[in-house]
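Chains: A, B, C and D, in written order; residue numbering restarts at 1 for each.
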Amino acid sequence: MNGDLRDLHQEILDLGTQGMVMNMGPQHPSTHGVLRLILTLDGEEVMACEPVIGYLHRGLEKMAERRPYRHFLPFTDRLDYVCSLANNLACAQAIERLAGIEVPDRAQWIRVALMELNRIASHLLFLGTFGTDLGATTMLLYAFREREEALALLEAITGARLTYNWIRVGGLPDDMPENWDKGVLAFCDLLESRVGEYDRLLTDNPIFRRRTEGVGVIPAEDAIAYGLTGPTLRASGVEYDVRRWAPYEKYAEIDFDVVVLRDGDTFARYLARRLELEQSVRILRQVFDRMPEGPIASKVGKVLKAPPGIAFSQVESPRGELSFTMVSDGSPNPQRVHIRAPSFANLTVLADLVVGNKVADVVAILGSIDIVLGEVDR
Amino acid sequence: MAQAELKERFEGALGGLAEAVEAEGSLVRVRVALPNLRAALLALKTSPDTACDFPANLTAFDTGQEMTLLYRLASIPNRWQALVSCPLDREDPKAPSVADLWPGFNWFEREVYDMFGVAFEGHPDLRRILLPDDWEGFPFRKDYVSKPSGSPLKGPQPTDLGEQA
Amino acid sequence: MGEVNPDLQSRVVKFPGGGVLVAGIDEIFNWARSNSMWSLTFGLSCCAIEMMATAASHYDLDRFGILFRATPRQADVMIVAGWVSVKMAPFIRRLYDQMPDPKHVLAMGGCACAGGPYRDSETIVKGVGEIVPVDVFVYGCPPRPENLIHGLILLQERIREESILGVRKREPITVQG
Amino acid sequence: MIEQALANPWIRQLANAALLLAVINLGVLVLIYMERKVAGFIQSRLGPVHVGPRGWLQSVADALKLILKEDIIPAPADRFLFVLAPFFVFVPVLAVFLVLPFNAGWVAHDFSLAALYVIAAGTVAIMGIVMAGWGTNNKYSLLGGLRSAAQLVSYEIPVVLAILAVVFYAQSMSLVDIAEAQRGFGWFIFHPPLLVAAFVYMIGQLAETNRTPFDLPEAESELVSGFHTEYSGIRFAMFFLAEFANTFFAAALAVVLFFGGWDGLPGLTGALWLVAKSYVLVFVLMWIRWTLPRVRVDQLLGFAWKVLVPIGLIVVLWAAASVVYAGGAKP
């Protein structure tokens, strides 16, 4: 290399090329709401990622402090709006534990049925949006087709399609409508006959496999250190399902498998949810055989006061461990309510996970973590 | 596992770091003073007796007289968990950061800072997380005074939106 | 088409010679605009899920020619589905400004209409109407897909009364939940 | 009078071009309607039904609306490139239709290097897309434009190789000759090397027409709308038109190259056969689009260079060998 050329080369090096900063969101088709990702890109490769949240923050926990315990229940619907009943349950459970209220058996069984039906609806939404994130739009419509059936069943019992507000402190507001159990079992059969379609469309699709396998791998130790829960954690090979780990309602008496996969990649996270559909169907089928007759709510005084103390609930929502921590000072209002939203904890891993991947993988990885911004921002 | 045994295990792991240890089912309630907080959390994480390596939750609450940090750590294989409470100095809330031990607590600490103004010493990136960056005050402190929200749009904006072409 | 619009007479006076033409063109373009309301893929919260459900197989917004476009530049209608926080408000205004005229806004759900259950929260804007001009308010928490479709049909009817000369009505329509 | 005028080659060519333009635009409107209906069919919904009988007028409404939308040129954009880009995409797509034979003698302009012309004109559109991506001054657009450039350049090669194999068989680069060579059900698709070539061609064209699984330049879930993110109104309509016209041309060219052109059962005019066969192929393209997920950019390029190009080269050698040694289609 002669002198001139060497100078030129040095000059190019001195130019100091830098990454391109790209703003993904808050309005972007694949951020599942209003998440904002500030990506620093080198070509198509992500060098750094900074998630910005809080675009839906409405101070729910602050609002809870201003209300009597039970008045907060309707607000919990709008946390993880894809699975409202899990939020209702987590909130009611925290109050029940704080105030020492028992729940009748029949109510517990119906709660289990509601949880699982809502879990199916939520996982179907995940399958659909995840397909869309990867460009397979049709999956969304297939999943919504079945989801619509699940919503009809939930509407039959709760009267709402999305924000149910059906679980009360100490039980449920009303019993199941007539023949509701038959409808649920028929839906179970329908869903089982349709999951094969999902597999043909996505799970077994070679393009889908190549897009997801080995992408965004979370090793088990990392998954634990980041505090991930739900299918996101179980896909990394950690067996932690609150339904088994700290059983609530009647889950201790039900026979089901905790779906645990080893790979920890995007595909495993997808597959974990896809396989949980079948486990939910399995649980639903057991519920109605064993449901006892009896009351559906225990007596709770008009003014609900809890003794001073700290209590927390743990519920396995479709996204992971949902936990309400309540602090009481003996007054009718809680002193502090904190919501441990699974999406919030799961999202912490994203920034480190996407580095070194392509832009397209960011979308796939984010989709596979399955967040709901309503509960991230609270 | 018997509660007494569980309590012993935790007391053994913590040594003299804890002020009080109570077992209740599979939950162990631990109270720690601020100077021992980090050491106690580290002991809970690393000691084979407790093995609480799963960062389940971190929050705080303010009673108006006292502000308390609340950590929840779980041991997944052993099926027990610890609820660690640590009172803070309400006038100048500070706490050591454990974001290096558990990256999962990074955002939880930011949230506590955002809502209570607790300064986590050693946190890599302590900024507001949920509220807008220019928010004033820490809303979850009991002495916080709510104010009506002003115009959501800052800077020059068309005054008559209806006629905007 | 053949029906005489009561507005027509006033336009003939306003634009001698060209009025009839304008009215005719209006009819055609309003027909096109009202039947091709591409909306922005923009969901905020719970209502966004119902918006998706409305677009999905069971309710199928494509029947009415309503497509979802990801970029504001190619959208005609912004469906604000969900609560608007103080942190989000400037972005919504920006998206609205990025949309090409003629553009319309549909506020979906109680939160977007008036703050909904979060009216006493400091971080929530009490209705998207404070930020952008709203054509249709669809109440409900969340509104059922049928309600949203009803709101969209009312919006179509409103568009049919507009003119390419920029004559627009600004009193919002309200659909109760 | 009209015949006299048409005798003038200039007027004749202009009339041809005008007729073609009308046919293409009409065809595209039908195609967009078809796309939405096919999507609806596959996704178990209805698609447009309310505008006109069975929603037939849906595309017309969309087109009219787009024409009268506000035309926004973003302030940071490079005005010159921004304005010019849609034309650079739209015009080449129209230009290639000039040499497409619809029936014996029904071709706007036939010349001996038509196949080469199609390839050459088609590549001009890449320029337009890169111009749109760069000129918009939007990062999504830039990424989309770059993806598009890489993709089109890569997939052009297998397509060219596939066309080359056909040219060996037909011993001509004129599309009319190629179609003529397949008369009486001597379709090239029935020859093993050209069957493979047809697959290579169709996969390449999927990428060239930016359709799933290769719709990366406008990947909605990643890049919002890719290179035309900032385009609104009529300029966006031009991209949209070009995309669908391109899809139709890709299918029609495939019919000419592999499926016998206007060859079909007697009783119907040849042009109808060509169009019908093209629509069947378009339906297949749509079917693929609404079924498959999208590939990633490195997989996309890897697939072109590691799989399609080698197969294309083998096909060319194979076709050449079978023409020389086994007689091929023509003596």
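Here are a few things to note about the model shown:
By our rule, contacts are C-beta pairs under 8 Å (C-beta built on N, C-alpha and C of every residue); 3 or more make two chains touch, one makes a residue touch a chain.
If you're wondering where the values come from, they're calculated on a predicted model, not measured in any experiment.
Averaging Cα atoms per chain gives one point for each, and the point farthest from that of chain B is the centre of D. The innermost chain, defined by the distance from its C-alpha mean to the mean of all protein C-alpha atoms, is A.
Put simply, the C-alpha centre of chain A and that of chain B have 22 angstrom between them. Separation between the centroids of chain B and chain C, computed from CA atoms only, is 44 Å.
Per-chain Cα centroids separate chain C from chain D by 35 Å. Looking at chain D, one finds that residues 39, 43-45, 220, 224 touch two or more other chains. Residues of chain A in contact with at least two other chains: 28-29, 54, 57, 59, 62, 141-142, 145, 377. Residue positions 131-132, 139 of chain B each touch two or more of the other chains. Chain-to-chain contact here is organised irregularly, matching neither a line nor a ring nor a star, and falling short of all pairs touching.
By the definition of touch given earlier, these chain pairs are in contact: A-B, A-C, A-D, B-C, C-D.
Every residue of chain B that touches chain A in the complex is listed here, in rising order: 26, 53-57, 59, 61-63, 70, 72, 76, 79, 83, 85, 102-108, 111, 115, 128-132, 139-140.
Residue ranges of chain B in contact with chain C, taken from their complex: 131-132, 139, 146-149, 151-154, 157, 161-162, 164-165. Here chain D touches chain A in the complex through residues 39, 42-45, 139-140, 143, 147, 212-213, 215-216, 219-224, 290-299, going by the rule given at the top. On chain A, the positions that touch chain B within their shared complex are 53-54, 57, 59, 61-62, 224-228, 238-240, 245-246, 310, 312, 321, 323, 325, 327, 329, 335-336, 338, 340, 344-345, 347-349, 352, 377-378.
Against chain D, the residues of chain A that register as touching in their complex are 20, 22-23, 28-30, 41, 44, 131-138, 141-142, 145, 201-202, 205, 207-208, 210-211, 358-361, 363.
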